[in-house]
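Pasting the structures here.
Here come two complexes built around subunit A, the first alongside subunit B, the second alongside subunit C.
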Partner chain A sequence: MTTTYDILLTVDDLQTCFRTEAGLLRAVDGVSFEIPRGQTFALVGESGCGKSVTALSILKLLPPAGISNGLIRLGDDELDRLTDWEMQPVRGGRIGMIFQEPMTSLNPVFTCGAQIVEAIRLHRECSAREARKHAIDLLDQVGIADPAQRMKEYPHQLSGGMRQRVMIAMALSCEPELLIADEPTTALDVTIQAQILELLRKIQRERQLTLLLITHDLAVVAEMADSVGVMYAGTMVERTDVKQLFANPLHPYTQGLFRSLVTMEETRERLDTIPGSVPHLSALPVGCPFHPRCDKGQTDARCATCRPDLREVAPGHFCACYVAPNYDNAEPKP
Partner chain B sequence: MTNSDNPSLLTVNDLTVRFPVRQGFEHRYVHAVERVSFTLERGRTLGLVGESGSGKTTVGRSLLGLLPTAKIHGEALLEDSNILNISHSHRRRSLTPRMQMIFQDPAGSLNPRMTVGNIIAEPLRCHRKLTSGNIWKRVPDLLTQVGLSPAYASRYPHEFSGGQRQRIGIARAIALQPDIVICDEPVSALDVSIQAQILNLLKDLQDQLGLSYLFIAHNLAVVRHFADDVAVMYLGRIVERAPADHIMDITNVRHPYTRSLLASIPLPDPTAHVGREPLTGEMPSPIAPPTGCAFHPRCPLARKVATTLPEDQTVTIASGDQELTLPRTCVDAIPTLEPVSGESHHTCACHFANATQD
Partner chain C sequence: MICLTVVGFYVVLAIFAPIVLPAWEGSENYDIASQSPSFQHWLGTDAFGRDILTKTLLGARMSLSIAFVVNIIAIPFGMLLGAIAGYFGKWIDDAIVWLFTTLAAIPGLIRIIAIKFAFEETVLFENSPFEIDLGGMVGVYLAITMTFWIGTCRLVRAETMKLRDQDFVLAARAVGRNNWGILTKHIFPNVMHIGIIQMSLGFVGAITMEVMIRYLGLGGSVGTPSWGSMIDGGRTELLAGRPWELISAVVAMFFLILALSLLGDRLRDALDPKLKNA
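Showing the complex of A and B:
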C-alpha cells in the first residue's frame, strides 16, 4: 500500500466476536478499509451486517462480551493498542460520534447545554463560562435558532431534527479529526433529513472533517460519500469509490440492493427482490455467506465450499465474489 | 385491475380529530386532523403521505376506533353506515371483521407469549363461529398465503426476522378476509431488500382477495409506486390529492409542500447535481397551528409570489429569527381543496396553485 495521500483512519483485518450462550459469534470478520483525510467513507448494509459494530470497535465501545482484533490506526496512533484509559481523550476528542437515536443518546435529565458543556470541559482546560460561550457558538453553527434559549431546554422539549443538531454540535465540540455518523438521519423525516445532510456537508467543507458514515440507504450514500464499502453478514463484499459502485456494481448482493430500491422514476409493477433474508450469525452458510440468496449462486463450484476474499478486480474496485469478472486473475490480498 | 364504475367502499367526510391537552390551567386541543375527506374504492389503494405529526396515522386509527380519548367529528361511511363514534360492541360485531390494520413495528404488534399459530387464529376465534378444528385448518393456509412455511405455526415471534414478523402481522390482518386493510408504515422499519418483498406480497394479496388499502407512509417514492391515488397531508389537512401516475411527473405537482417533499428525497445517483434547497424550519405545533394556510411560515412559493404583489396585498410576519413578507391571503385565509385545471381528479389546497408552474 502506498500512501500517496494523507490517510487518517486505517482499519485492517478487523475481527469482532461476541461471547454468547450459542458460542462465539463473529459480528465482523476481516473488514479492512482506509479513509483519506477530509473524505467520506460510507459503510452500507442491512441491519445485522456488522456496520455499527465496526464503528463501536473503532471506538472500543463494545459491550463486555465483545472481543475485537485487528489493526486500527488513527493518524499515527494505533488505537487497538491503547488501554481503555488512554482511549478516553480519543473518544469525543479526536473522534466524534453521532448516534442514530438522538432521543436515547441524549441524557433526558440534563439540559442540552449542560451536556455540551460537559463534553467540552472533559476534553479541554477551560472555565465553565468559556465552555458555555463555545457551546452557544456551536449550536448557532449547526443552525439552531435562539441558541442561548435552547441551552436551557431538555431533550424532550426539542424535535427529532433539533436533537440531532444538538448531537452534531456535541460531536463537533472538541474539533475531532474523524466524525462517525451511525445512521444519522434514519429516524428523521425526509425534509429534515435533507437539512441534516446539508448541514453535515457544510461542516465537512468548512472544517476539512473526515467522515465515516454508516447507513442502509443507498441514496444517502450517493449524496454524501466519496467511497463505499458494502457489508454482508460481517464481511465486506465490495469496496470502491462511489461513482464506480453506482455505475458498475459487481457483487450480486450490491446489484440486488440496487434492484430492490424504489426510485422516483418507478414504472415497474413488481419490485425485484433478493429472496430470503439475512442469515443469523450463529448459522452462517458454509462458503460465500450470500450464496443461498444469490441469483448467480453456485455458478462456481467454490461458492458453497470456500469463502471468497476481497480482491481488486478492477483498479480501485474490490469485490469478494467468484463470479465477478476478472476475479481469479486478481491479486488475493488488497 | 381497476374498474371505472367501482363503487366507493369507504367515504370519509370532514373527519376532524382533536386530542384534549392541559397546559397549566388551560384546556386546549391538539388539532391532529382537520376536515379530512376522501373516498376509498373497492380494490384500490389510497396512499396517505406526510411527515411525522401530519396526522396520517391518526386518520387510520380514528377509523378503527383506536383513539378512545380523542374527540372525533365528521362522518366515515363504510358502504352506507357511519363507523365513527359507534359503540364498542357494535364496532366489534360488525366492523372489526371488515377493517383490519397492519402496524409499523412488527415486533411490538405481536404478542411475544403467543405462538404464531395462536396469533393468526385469534381473530378467527373471536369473530367466526368456527370449531377449533376448522380454525386450525385455516392457519396453515394463511401462513402459506403470506409466504411462510405452515410448520412455523408452533414457533414464537422472537424466532423470526423483521420481514417474517411483518408477514405474520399480514396473515393476522387478512385472516378474517376484510374489505379494508389499513397499512400504517408497513415497510418503514424494514431493510430495503425486505421492503420490496413485503410490497410485492401486499400487491399479490390485493389481487387475490380484492382488498382495499389505506396505505400510510412517509416515503413518497414508495407511496407513488404502491398506491393508485396519493393524498399529501400537512399539519392535519390534506393539501394535495392526485392519481399516483399523474404526479409521477414532478411538473404536474402543484402544492409547494408536495414539491418540497419530492425535492427532499435523496437520489441514488452520485452524478446527480446536489444543490437543492432543503425546506427550512419544522412543522409547527398542532396545538396552535398557524393562521390561514398552515404551510405559510415555510412556504417557498409564498415568498416568491409576495415579491410580485403590490404592497397592500402583502404582510410581514416574524418567523424564527427572520422576517418574512408573504401574501396576505396565505396568512389570513385557509385554502380549500380545489380541482386543478387539466386533471379532474387532481385537487390542491393552495391559493397560488396555478402559479407553481413557473
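Showing the complex of A and C:
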C-alpha cells in the first residue's frame, strides 16, 4: 500500500551501538521503517528503548561513543554515506529537529530572535534584515503573540510552551522536508501539549511537512500519527498504520501498553501493568527481548531461544512475535 | 564603583606620567641624593637623587603595562585552549591537559625564573628592525604569560565539558552548525564571564609577579623604574632612616592591588550565575 506513495525517508536495518566500559551496547538493533512524504510516523516505546537514538542516528548527531550502521535515505540521497561535513547542509536545511526539553535547548546568552536569525543565515544567503523579517514571520506562524517584541527576549523570559514554539520556528526556518520531533510535548503541561500538537498539525498541513514523531504517549500517537512503530529494547516489535494498531494490536508488548492506559468508559480498581522492567542493554535476554515479561508466557518454544524478526502478518501490519497469528506463514521481510 | 575609579586613576597616571613629568633618563643628581619630601620633590629623592614621585608613577606604568600585555595574551589563549580541550575531548584534551599540568607542576616563581633564564641569551630577529631581546623586559612578559593562561584554561575546559553536552549545543548541531561555529557562537559566549573574571584577577597576579621578579633583580636593567626595584632599593634607604622610597612603592601598590581585587570580586558576583544567590 505504501508503495503508491512518494517515500521521503527510508530507514533500513539501522544498527546503533555505543562503546562503553561494559562493552558494546546495541541501543538500536535492526530498525526499519519508511515515511511517505507529507505523513506522520510515530515511534513509540518506553524510556531507553532507542527512539531518540534512532532520531539522532538519522541526523548523524550521535555522541562520540556511538556508531551507527544501516541504510538511511532521504529522498534520493543516502545519508548514511555522507560525511559529517556533507551532513551540515542537511541538518536544519532538509531535516529540522525539535527536542524534548525546551528549557535547555536554547542558548541562554542569546535572544530568541538572534538564534532564529542564526539558523536562517546558516543555510540561506540573505541579509540580516531579511533574516530578521523572516524570523518574525516564523514566530507569528508558530503562534507567538507580539513576535517583534519576543525576538528581543532571552530564553529565560519565556515560558516552556513559548520556548518550544521558538524551537519549532527555528526548526522550520529553512523549510525542511522532514521534521523530527523528539518528545516535543513531554516537558510541557497538558493544555500546552494540546496547543503544541495542534500547532504541529497545522504546520504539517500548510507545508506538506513529513513528520517523524517520537513519543511515549499513545494518546499523542492517536492524535497525530498516520503509521506507528512500536519499539522495545532497541528493536521494532510492531509496525502498522495507526488504525490497525489501535483496533488490533498483535504484539503482546503493544497489547500490554494498551491495557495499562486509563480510559473514561470503565472503572478499574488498579491499572494493569506490564510485569518486570525493561532489561538493561548489556543484559538482554536470549531470544525475544520481551519474553521474560510476556503474558503469553513463552507459548512457543522459540521465544526463549531465538529472536523473532519483523514479519508482515497481515497486509501492512508487521509484527515480531511467534505467537502472533499467521506469523509462521508470513514471509520474512526482505 | 570606587575600585573602578581608582583603577582608572592609575591607568590615566600611567599613560600620562612620561608626558607630564620631567625626563627620567639621566636625572641622577648626587647633590640632592636621599632627600626627604620637599616642594621640589614631593616624595623626596632616592639614593641617586632621582625624584621618587616620578619613579613611583613610572613604576605604575611598568606594572600596568606588564599586567595588560600578559592578560591580553594569556587569557584569550587559555580560553581558546580550554574550550578546544573541553569541546573535542579525546587526545586533544589529553595533550592540552598534559601541557598545563606539566607547567603547573613546577612552583610558580621557580617556573618563571627558569623560563626567564632559558631565554636570557636569546635574541629574536637579530640585527633587523624587529629585534627582540628576550633577555630584557620581553623575557619577563613572556615568562609571566607562559604561566598565566593555565588557571583560565582549566576553568574554561571544565565549563566547556559541561556545556558540550547541553541540549542547545545538540540543537545547534541539528540546525547545521559545524564544530567551529558551535565553539565560537555557542561555547565562547557562555564562558566569556570566566575570561573577564580571570582577567581582573590576573591583573593582580601579574602585578605582584612583576614586583616580585624585579625585587629579585631579574629582568630589565637596574635603571628601569619599577615598584619591585624600588622596594629593593628602598631597603637600604630604610636602614638609613629614610623610608620614603619604600613607603611610596608599597602604598601605590597597595591601593592598586586592593582596587583590582575588589573589582575582580564584584565582577565575579555580577557575572557568575552560580554565585548570584549565595
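Quick note on the criterion: the second predicted complex is superposed on the first by the 329 of 334 C-alpha atoms of A that agree within 3 Å, B and C clash if a C-alpha of one lies under 4 Å from a C-alpha of the other, contacts with A are read in each partner's own complex, and residues count from 1 in each chain.
One rule holds for everything that comes next: a contact is a pair of C-beta atoms (placed from the backbone, for glycine too) under 8 Å apart; a residue touches a chain by one contact, two chains touch by 3 or more.
Just so we're clear, the structure is a prediction, and the values are computed from it rather than from any experiment.
A.B. asks: For the combined arrangement obtained by superposing on subunit A, do subunit B and subunit C clash, or do they fit?
C.D. replies: Result for subunit B and subunit C: fit.
A.B. asks: More subunit A residues touched by subunit B or by subunit C?
C.D. replies: B
A.B. asks: Just to be sure I read the superposition right, which of the two partners does A:A283 touch: subunit B = first, subunit C = second, or both, or neither?
C.D. replies: Neither partner.
A.B. asks: After lining up the shared chain so the two structures overlap, which partner does A:P108 touch, if you call subunit B first and subunit C second: first, second, both or neither?
C.D. replies: In the superposition, A:P108 contacts subunit C only.
A.B. asks: Of the two partner chains, subunit B (first) and subunit C (second), which one does A:M170 touch, if any: first, second, both, or neither?
C.D. replies: Second partner only.
A.B. asks: Would you sort A:E46 into first (subunit B), second (subunit C), both or neither based on which partner it touches?
C.D. replies: Touch status of A:E46: first partner only.
A.B. asks: Once the two structures are overlaid on A, work out the angle subunit B-subunit A-subunit C from the Cα centres, in steps of 10 degrees.
C.D. replies: 80
A.B. asks: Regarding the shared-chain residue A:I192, is it in contact with subunit B (first), subunit C (second), both, or neither?
C.D. replies: Once the two structures are laid over each other on A, A:I192 reaches subunit B alone.
A.B. asks: Does subunit B (first) or subunit C (second) touch A:D217, or do both, or does neither?
C.D. replies: The answer is first: A:D217 touches subunit B but not subunit C.
A.B. asks: Rounded to a whole Å, what is the shortest Cα gap between subunit B and subunit C in the overlaid structures?
C.D. replies: Here the least C-alpha separation of subunit B and subunit C stands at 13 Å.
A.B. asks: Could you give the residue numbers on subunit A that contact subunit B in one complex and subunit C in the other?
C.D. replies: Touching subunit B and subunit C on subunit A: no residues.
A.B. asks: Which part of subunit C faces subunit A closely enough to touch in the complex?
C.D. replies: 89-90, 165-168, 170-178, 181, 185-186, 189-190
A.B. asks: Can you check the complex and tell me which residues of subunit A touch subunit C?
C.D. replies: Residues in contact with subunit C: 59, 61, 63-64, 85, 88-93, 96-97, 99, 101, 104-110, 118-119, 122-123, 167, 170-171, 173-174.
A.B. asks: Using the touch definition up top, name the residues of subunit B that touch subunit A in the complex.
C.D. replies: Contact set of subunit B toward subunit A: 51-52, 161-164, 191-197, 199-200, 203, 218-222, 224-225, 248, 260-272, 274, 276, 278-280, 282, 320-321.
A.B. asks: For subunit A, which residues count as touching subunit B in their complex?
C.D. replies: Subunit A reaches subunit B through residues 46-47, 145-146, 159-162, 189-195, 197-198, 201, 216-223, 225, 242-243, 246, 256-258, 260-275, 277-278.
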